[in-house]
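Each of the next two complexes has subunit A plus one more chain, namely subunit B in the first and subunit C in the second.
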Partner chain A sequence: MKFLRILGLLVIVAFVGIFPVGIAPNDAVNSVAVFTLIGAITVVSWNIFSGYTGYISLGHSVFYGFGAYAFALASQNWHIPGGWDPFLLLPLAGLVAGAVALPLGWIALRTRRHTFVVITIAFVFIFQLLATNLQGITNGSGGVFMPLTPWTDGYTDLPFYYVAFAVLLVAIFVSWRIRHSKFGLGLLAIRDDEDRALGLGVKTAAFKLTAYMISAVFVGMAGAIFAYYVGILYPQFSFDPVVDITIALMAFLGGLGTVAGPLIGALFVIPLQQYLDLQFGGNGVNLMIYGALFLAIILVLPQGIVPSLQSRWRAWRASRNTTLDSGKRATNQEQPAFLIERGGKG
Partner chain B sequence: MSLLEVQTVSKAFGGIQALTTCSINVEQGTITGLIGPNGSGKTTLFNVITGYERVDRGNIRFMGQDITRATPDRVFSLGIGRTFQLTRIFPRLTVLENMHISAKRERLKALFSSWSSTQEQALALELLAFVNLLRHKDTPAGNLSYGQKKLLEFALILVAQPQVILLDEPAGGVNPTMINELVGHIRTLNEEQGVTFLVVEHNMEFVMGLCHTVNVMHRGTKIAEGSPDEMRKNPAVLEAYLGA
Partner chain C sequence: MTLILEGVLLGILTGGVYALMASGLTLIFGVLEIINIAQGILVVLGAYLSYWLAQRFHIDLFVGLLLTIPAMFLLGMAIEWAFIRRLSWNRVTLSILVTFAIAIIIEGALEFFFTTNLVQLQAWYVDKSIKVPFLDFYMPYIYIFAFVLSVVLLGSLYLLVYRTTFGRCLRASMQNRTAASLIGINVPQVQMITFGIGVALAAAGGMVFGATNAFNPASSYDLISRLLVIIVLGGMGSLGGALIGSVVMIIISDVVVLAWDPIWASTVFFVILVLLLLIRPQGLFGRLEGRKQ
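Showing the complex of A and B:
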């Protein structure tokens, strides 16, 4: 079983690895693939905080923006030529985003639930305004230009694709490690009953803040890759509420708080978003379809794809077990199947 | 010196005086009962001891150390565990994961390594076997029955090996067979490991059969203390309960 699992993972990694050169060597498709990877980084990273602790942040685009601007301004001021070199600034972008998360988390995490969500949304607009108006630093709505890449047609997307893929792998690894660590268990306990967790010795304030900062780091790196890929950076497209909505949509579709769920969500949402923007972008129909999709998800799959499949699988196994030895089962006090199927563990 | 000393503690919520200069001592190695009519301040007393509420006046000392303003995690790490009247476990985590939350780890490296380390795992499994929940270890805890949740909450406190355990109505809503089981567990821990208990309970049979001493609370303060038999005959206690 474990062998099969590792084999399956390797097959997926290999598939994603050769996708842009072997399977779809086409600029349009590759561009969607790059955006999908960037989106996947953001949602996997966001999930480390919001998915595990249950604190829904709709303000992670602040870290996206800080990562992007740190990257852009550093490459501009240090006169870094286009090409592979700017990618060396990615850790810096991540660190800046993580550092920004310290004071923001310290403020926002004093609140819970709806208040927390509203405060995180406020962060987005505060920093969007600042980025627009602090023209001395950000050049305001004039935007900041990225280093020009030397790569030519048919090859332009590949560096971004592989760098984003590498960052994504690191983010998934961190998320997976945290999920199975004592630290992650504490985060999940906070999701279920924060005060109880505190009363059992979990240092909830420190746990939440640490997770918030870790999740900001990779979102910052994603923002930097995005900015470099697009080539020009504007305040309204980096400190962007749409980024936050997209992250939430991906996470809810795939399954909040699971390791694999956000990835599956990204795989569905970003290509669809790109397609809709391309087909109906001009007249706003894309946003209507987008909203309808959100509603449909909440109605049909309120738990998300991965948890729903897990519970179906569990229910199926439980019902199979009961039919196989129903005679024995009737006498002892095993859990009935209808109780087991409601579990939503990731 | 008592193990746990509550000294003239007062606590008000708005206009309601939940505790009024209430003092209670819990001696090491005893099972102490805490009874009183509804609204007499028993649960509030638990909340101020465990750091969930701050006292307005008074002191709380544990092993001679002042814990009046300690936070819940600090109180727990000093060795005071508690259960809640309405059981509070982590419903979406499995039974085994629940058991690991209270296991103490301080160092950063230990925090970021796997939660199921061998020594903690052995203890968690042993305690689950102790309360008869071992076969449910991979079930989400929210799917357990009410009585099983109470047992799980009891067991997950034990993982941290506290010196004192505060039980808030452990027998409430639990069937008689399981109550007997629980009484057995409490006795075993008390006699074999010297764990001290402070028990709030309305089930008089449970209190009288189990406790060494009983404290009676009424309107936010202690009105009597003594052996279960003495309390049964105490006029002040009868008055508080019967309102005569």
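Showing the complex of A and C:
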């Protein structure tokens, strides 16, 4: 069974690895693929914090923006030529985002639930305004230009694709390791009942802040790749509330708090968004279709694709073999208690 | 000094309008326990409805409210009935996504019908100004009319919530949904009507917003961020908090705009919010959240 799983994973990795050269050597498709990978990095790392702890952050685009600006300004000031060299700055972008997450997390994590959500939204607008107004540093709405890439047609997207894929693999690995560690168990305990977790000796404040910073690092790197890929950086597209909502949407569609769910969500949402933009342009019809589809999916599959399939699969297996080890199932991830609607407020 | 007084006066006059939109949002939060992200675009929708009535049928903006407020009330009830009520699992977060999806659909429809060009509502009281005694500056009549409108509507809202049987049911559902339904209150109905009222208030706020600002469908992002900040500042679910939060926010922004620089108005306000929440995480008038994450 384990062997089959590893084999399956290898097949998927190999497929994604040869996708842009072997299966669809086409600029338009590759561009969508790059955006999908960038989106997947953001949602996988967002899930490390929000999915595991249950604190829904709608402000991770702050780290996206910080990563992007750190990357852009560093490559501009150090006169780094376009090509592979700027990618060496990715860890720097991630570290800057992680460092920013420390004070922001310290402030925001003093609150819970709705207030936390709103504070994180406020962060996005604060930094969007700062990026627009601090023209000395960011050149305001004039934008910052990235180094030009030397790659020519048919080959332009591939470096971004593979770098994003590599970062994504690292992010997935970190997410998976955390999920199966004591640290991850502590985060899940915070999600289910924070006060009880604290009472049982989980250092909730430190755990939440650490998870927040780890997730910020990868979001920052995604922002940097995005900036380099798009070539020009504007405040409203780097500190973008739409990015936050897209992240939350991907995570919820796929399944919050699972390792695979966010990936599936990204695979579904970003290509759809790109397709609708291309097909209908900016006259509003794309938004209507996108919104309607998105609404329909939330209402039909409120728990997300992966948890829904998992429960179907479990039900199917149980019906085939009722004597199957029931002890094993008890250790499976059941629905966390806080996600189930409670009647009263008291 | 005059500038600051001017800012305070404008803040008091327009703060009421934000209080209208924010009390809709905070009521919905209080009763349904959801964050209505669509409130921003619903305000813009209200503004466009007034715009359409004025352009197409030459209906005065304030008279037009007699049509737009009931229409938006029905729209709100329909949204609650069709979508919000279906959420039985993880309401808090799914409601954010569902209302955001609704916001996207409305934004798309508005872009389709009205394009993204900035428009502003026109009427004689928008163009004509009155000289303010003692302070020596001119102010369009709309500010005074808007203030009267918001006082009337907020007064009726107060009477509705604190002096009627429906208001008692509403407050009961706010305090404890299970207990309220146990004593025979039809909680889903109360929720539907509350959502309708919240959206209807957005229509009124939208008209004034459209008369005092140039707007397009994308204005909703700025609006919803301001409204969320107001209700967090005031304490979520508290009507008085929404009122105080709006006035405080608008006064701060107006004073910063007039005395310092328009580009810093929102930043200063957001920073003040963050500082306040460091001291009082529940906002000015909010209740502390107990053992629930």
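The rule is simple: the second predicted complex is superposed on the first by the 320 of 346 C-alpha atoms of A that agree within 3 Å, B and C clash if a C-alpha of one lies under 4 Å from a C-alpha of the other, contacts with A are read in each partner's own complex, and residues count from 1 in each chain.
We take it that a contact is a pair of C-beta atoms (placed from the backbone, for glycine too) under 8 Å apart; a residue touches a chain by one contact, two chains touch by 3 or more.
Not measured: the values here are computed from a predicted model.
**Student:** Once the structures are superposed on A, label A:81 by its partner contacts, choosing first (subunit B), second (subunit C), both or neither.
**Tutor:** Neither partner.
**Student:** State whether subunit B or subunit C is in contact with more residues of subunit A in the superposed arrangement.
**Tutor:** C
**Student:** Once the shared chain is lined up, is A:193 touching subunit B (first), subunit C (second), both, or neither of them?
**Tutor:** A:193: touches subunit B and subunit C.
**Student:** Of the two partner chains, subunit B (first) and subunit C (second), which one does A:91 touch, if any: first, second, both, or neither?
**Tutor:** neither
**Student:** Who does A:185 touch here: subunit B (first), subunit C (second), both, or neither?
**Tutor:** Once the two structures are laid over each other on A, A:185 reaches subunit B alone.
**Student:** Could you look at A:150 and tell me whether it touches subunit B, subunit C, both or neither (first, second, both, neither)?
**Tutor:** neither
**Student:** Looking at the overlay, does A:286 come into contact with subunit B only (first), subunit C only (second), both, or neither?
**Tutor:** In the superposition, A:286 touches subunit C alone.
**Student:** Classify the contacts of A:130 with the two partner chains as first (subunit B alone), second (subunit C alone), both, or neither.
**Tutor:** The second partner, subunit C, only.
**Student:** If you stack the two complexes on chain A, which partner ends up touching A:231: first (subunit B), second (subunit C), both, or neither?
**Tutor:** Neither partner.
**Student:** Looking at subunit A, which of its residues have contacts with both subunit B and subunit C?
**Tutor:** On subunit A, the overlap between the subunit B and subunit C contacts is residues 191, 193, 195, 339-340, 343-345.
**Student:** Along subunit A, where are the residues that touch subunit B in the complex?
**Tutor:** It comes out as residues 177-178, 180-186, 188-189, 191-193, 195-204, 335, 339-340, 342-345.
**Student:** So in the complex, the part of subunit C that touches subunit A is made up of which residues?
**Tutor:** Interface residues on the subunit C side: 29, 33, 35, 83, 86-94, 96-98, 100-105, 107-113, 116, 175-179, 217, 221, 225, 228-229, 231-232, 236, 263-264, 266-267, 270-271, 273-274, 277-278, 281-283, 289, 291-293.
**Student:** Quick check on the complex: what are the subunit B residues that touch subunit A?
**Tutor:** 50-52, 71-73, 75-77, 82, 84, 88-94, 97, 100-105, 110-115, 136, 139-140, 142-143, 156-157, 160
**Student:** Across the complex, what residues on subunit A touch subunit C?
**Tutor:** The contact residues of subunit A facing subunit C are 54-56, 58, 107, 110-115, 117-119, 121-122, 124-126, 129-130, 132-133, 190-191, 193-195, 241, 245, 248-249, 252, 256, 282-292, 294-295, 298-299, 302-303, 338-341, 343-346.
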